[in-house]
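Below: one structure, written as structure tokens.
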Amino acid sequence: MLKARLLESKLSSLYKAGKIVGGVYLGKGQEAVSASLGASLVRGRDIFAPLIRDQAGRTAFGESMLDCTRTYLGSVLGPMKGRDGNIHRGRPLEGLPAMISHLGTTVSVVAGMLVARRLKGEMAGVVGATCVGDGATSTGSFHEGLNMVAIENLPMVVIVANNQFAYSTPTDRQYACEDLLDRAKGYGVAGHSVDGTDMLACSKVIGRAVTLAREGAGPQMVVARLLRLSGHGEHDDGSYVPNTLRAGNLGRDCLEVATAQMTEGGYAGADEIERWKTEFTDEVQAAVAQAQQEPAPDPWDEEWFACKSTTGRL
Amino acid sequence: MSVTYVDAIRDAQEKLLRDDPRVFLYGQDISQFGGAFKATKGLAEAFPGRVLDSPISEDAMIGMAVGAAIEGLRPIVEMQFADFSSIAFNQIVNQAATHFYRTGVPVPLTVRLPSGGTPGSGPFHSQSMEALYAHYPGLIVVTPATVSDAYHMLLDAVALDDPVIYCEHKFLYRWLKAPRINGDGLPIGKARITRPGKHATVVAYSAMVHEAVRAADRLKEEGGWEIEVVDLRSVKPLDMDTVLASVARTGRLLALGEAFPWGGVTAEVVSRVCVEGFHLLDAPPLRLNSRDTPVPYHPKLWAAHRPTPETICIELRKLLTF
Amino acid sequence: MLKARLLESKLSSLYKAGKIVGGVYLGKGQEAVSASLGASLVRGRDIFAPLIRDQAGRTAFGESMLDCTRTYLGSVLGPMKGRDGNIHRGRPLEGLPAMISHLGTTVSVVAGMLVARRLKGEMAGVVGATCVGDGATSTGSFHEGLNMVAIENLPMVVIVANNQFAYSTPTDRQYACEDLLDRAKGYGVAGHSVDGTDMLACSKVIGRAVTLAREGAGPQMVVARLLRLSGHGEHDDGSYVPNTLRAGNLGRDCLEVATAQMTEGGYAGADEIERWKTEFTDEVQAAVAQAQQEPAPDPWDEEWFACKSTTGRL
Amino acid sequence: MSVTYVDAIRDAQEKLLRDDPRVFLYGQDISQFGGAFKATKGLAEAFPGRVLDSPISEDAMIGMAVGAAIEGLRPIVEMQFADFSSIAFNQIVNQAATHFYRTGVPVPLTVRLPSGGTPGSGPFHSQSMEALYAHYPGLIVVTPATVSDAYHMLLDAVALDDPVIYCEHKFLYRWLKAPRINGDGLPIGKARITRPGKHATVVAYSAMVHEAVRAADRLKEEGGWEIEVVDLRSVKPLDMDTVLASVARTGRLLALGEAFPWGGVTAEVVSRVCVEGFHLLDAPPLRLNSRDTPVPYHPKLWAAHRPTPETICIELRKLLTF
């Protein structure tokens, strides 16, 4: 969580300094949810399809920081080679699919990866997971995907990070049910609810959902209540979020809550956390510095073909 | 005993399931029921667990196939009708087609599109969508016109590491028969001279190849004209070598297709020939497509909406007498 | 109901005699549901977007029988002029939209018609309605549409005719919830359940849903349990439907149930029903005969353009 | 004071809302927020209840607009990016586009597609989708390239009784300015000679018109070449009269577009010119499109993916020295 926050605030300043082209999308305020999921999954076995606010989940799942900085800074050595950017990165062969922008579409992709594992006889103990926002629940793709997951009874966890807004659109223009959790039953999947600002609660509830899926209890849906503590992207100041919301429980900074929980619970001392901060800041600096000195893609070296089987003219 | 076009598709899938454990089939009503056109008849029984009925969720069907392909499998998705792939359009052109370029990881999936018009099928069960998919980078688009091609090109499609849009023509399903399937060894990306000639070239694909041959037969009888018919076989890649060589022989080109007239395969063929082989042309090239309306329901309207031997002959006569 | 059944069985024999090209899709066994809806709506004020099994609803809503026979038989005088066929007909300006084949897409279209009424200030007392099957609930379009209806809080009734199969596909390959009714809450719409073979129940439950919508109670979803008593289309014998299902309660013929209910309840005597039968049979014969003697569309007279504003070459 | 391209779009919508009670706007984040590109800024306040935020449901957004149009309203739907219209593809090409032909009832709706590439936008926020929609019967597809056209063509689009796909180029939004909006009275369906010339014709549309003019300026300086630039303005209908008249003057044609190379506007333009005006050509026609890969994210790759004044000049030199 802390690492992701530090990484992201660096990305934000790089963006503001004009060093990153395109968009920068942060998970500020959503780290507890995302990291709880990433940490519950096992890299090399499980599948995790992150969305735009999942830096913390990626970090916890074990994505290298260089993958992030290289992709944001357009290094040709990154996993996307400069062909795609920012949060659209992934390593699909390592269980980390690379999202397209169209919301809701990761659900069926993860379903397919799980179906493949089943057909290959490699399903035992595997979990697939993805995160979506409140807005993404309005997509047909989300619906078709989740329904398919339920029919196939796949070991999948779908996290809905309900951060009260989709870009500027408040939830009352996005859905009319009382709670998105009410949808779980309609798909025939188990539903869980959690306060997304509370790290211990997230870790418990999401951890349990992952365990349930792993143990064969079928698809799990977790709805987390929280607030985005940044703009939609770093180009947006989020001024449409009312102050009352910011001031309330949803507006708590999950990182501060987590820090308090860690110190109070005796999981870590204040100085230990300070030490982490220094350590992670150095790590971030190093990853940024390295990506910055790496070459950009060169159009003359670029292989301009989109199909593997034909390198010629189509 | 003879083999129909749809038998060939079924048999190819049977062979694929038998020979390649990575292959599985996914689509609406394809398991016990054997598919709306019986293209998967008996396969669910023969290959338990590998022929799966999907919900009516074309978007998720392709999303799931992409996921399975990432994991190394070779899914074949049957759309019940090509027209319903409009629902899967996003997953096809944005998820499947971009994946290799973006990540370096190929997604070897095959989408079977029962395409083209038949009498009485109307606006939503008759479409030819090859041009849409060919426009987007990252897809291979094939359009078999013969029983043997239907068989071999499906095997080849599944063998390719890229997403392949396999357009099978519904009109040919039972109407087109061959004594047996024979392999002529043409790979995807190679066109075929279906009927050699010297006075004009018709470039066609899918069901229109047969209409072109009919028209050519008539003109042969009528005036001894020798019309060469080129079957593109795949519309992406387009085999310009074969097309240009034919135009070099005949000096005259008619591009023929069953799709809507704005854009599409005929525009691509004519414009490539003009750009790359302008000097080969002894007369202005011509195009013939269906009309610029939805495909009409009534058989009388339908027959006037698409190219027929009559209208092909009209165009060819213009070309020959230029 | 009876009229629709007689009409449809005529269509079936015409199809089998090769007089109808393309498909013939019947609502046999679903007349109680469909007619209850059609009869609860007011032609000239309400909006009804039928799907493939809604002959009874169309008839009850007041669609003329000639519209049906002309469209099936390809008369150029029909509302679709031979350009589209069978169940794809409609009179959109009279509140009867003409469906496209793609399932689920009627929901948002009716929503749009209602939104227009609202913007025009002509919403008072208006209800919009559509029917879908169990299979159509798996479409993204259905989901996006119903969610939008709920957000806009439209006076709309969505009937889900759960006839246990989508073409050959049984419901366990279509959804994993216990009852499709469980979805209502997830959209924030009111849910009603009904035995679709029981005419009196249908008339009551669907009638109430329509009244609720009309009176401002927001969107209503009715899930009717029943069985299709024909093939998917007349080309299909429906042999995949297990006999146990046919023999059970769902397999009851709603028309027989209705006849019994009418005679037992004293709504109509047996001879009155017999009289209707003769009368309707004559009406069907007349409508078929007329459509059959009418001209087919002539390609030379056809205006081959799809845009209104340009009649030339595009 | 000057007006940008995006201002023009906003102002046109303001005028429409003011003058025509049938008009309303629907799209994601378009009300209080004013839209991702601020093309609806202030309109929700000025016209309460007529500028509505939609859920992230592109399919239903178009379905709802079709319903409203049937009832006589004139909805304008803003897609947040053209690329997301892939989700609405079915409702656009099958519901909206077929309605008039099938039922005789027109559906006058306008879909605004923020189109085309900008540096760093990547594969899913850069697409040019005009060719897809132009392929389907029943749609009008317009591609304004100037500030005044952005304004007038949006008014004209809404006035038309047909569904119109209005492709607005994101690169032009703030970069393109004009001192004021002036009306030159060209209706939809008429192309414009943006820059007169006599040695070769470049047929372009949308942002590429400006790249063509730049290339023409260079060649003027370089060798006194006079390049004529035709701005198509609408890609369906295609104004072949203007195009053929220009080719008649110059004898040389380069068709230029920013979309993917297979099919598309350049194929349609080249093939129509060759079919209808073969004898006008003194040299083989040429086409220049973007490359056949997804639109890359990195600005360096992006700049090499699409046509630029440099690559346009290269093609033009080939044409001029043939």
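General observations
Order of writing sets the chain letters: A, B, C and D. Residues in each chain are counted from 1.
Quick note on the criterion: a residue touches a chain if its C-beta (ideal position, glycine included) is under 8 Å from a C-beta of that chain, and two chains touch if they have at least 3 such contacts.
Here the structure is a predicted model, which means the values were calculated and not measured.
Following the contact convention of this document, A, C is the list of chains adjacent to both subunit B and subunit D.
Placing every chain at the mean of its C-alpha atoms, the farthest one from subunit A is found to be C. Taking the mean of the C-alpha atoms as each chain's centre, subunit A and subunit C sit 43 Å apart.
Separating the CA-averaged centres of subunit C and subunit D is a span of 40 Å.
Each chain gets a centre from the mean of its Cα atoms; for subunit A and subunit D, those two points are 35 Å apart.
Residue positions of subunit A touching 2 or more other chains, listed in rising order: 80, 83-84, 88, 100-102, 138-141, 144, 147, 151, 173-175, 305-306, 313-314.
Among the residues of subunit B, those in touch with two or more other chains are 54-55, 57, 59-60, 83, 86-87, 90, 94, 97-98, 101-102, 123-124, 137-138, 236, 262, 291-294. If each chain is drawn as a node and touching chains are joined, the picture has every node linked to every other.
Of all residues in subunit D, only 83, 86-87, 89-90, 93-94, 97-98, 101-102, 123-124, 131-132, 134-138, 236, 255, 259-260, 262-268, 270-271, 274-276, 278-279, 281, 283-287, 291-294 touch subunit B in the complex they form.
Subunit C meets subunit B in the complex at residues 21-23, 74, 80, 82-86, 88, 100-104, 135-136, 138-141, 166-169, 173-175, 240, 296-299, 302, 304-306, 314.
On the side of subunit C, the complex with subunit D involves touching residues 79-81, 83-84, 88, 90-93, 97-98, 100-102, 105, 107-117, 119-120, 140-141, 144-145, 147-148, 151, 305-310, 312-314.
By the touch rule above, subunit D contacts subunit A in their complex via residues 28-29, 32-33, 36, 53-57, 59-60, 81, 83-84, 86-87, 119-125, 262, 291-294, 296-301, 303-305.
For subunit A in complex with subunit C, the touching residues are 138-144, 147, 150-151, 153, 172-178, 180, 182-189.
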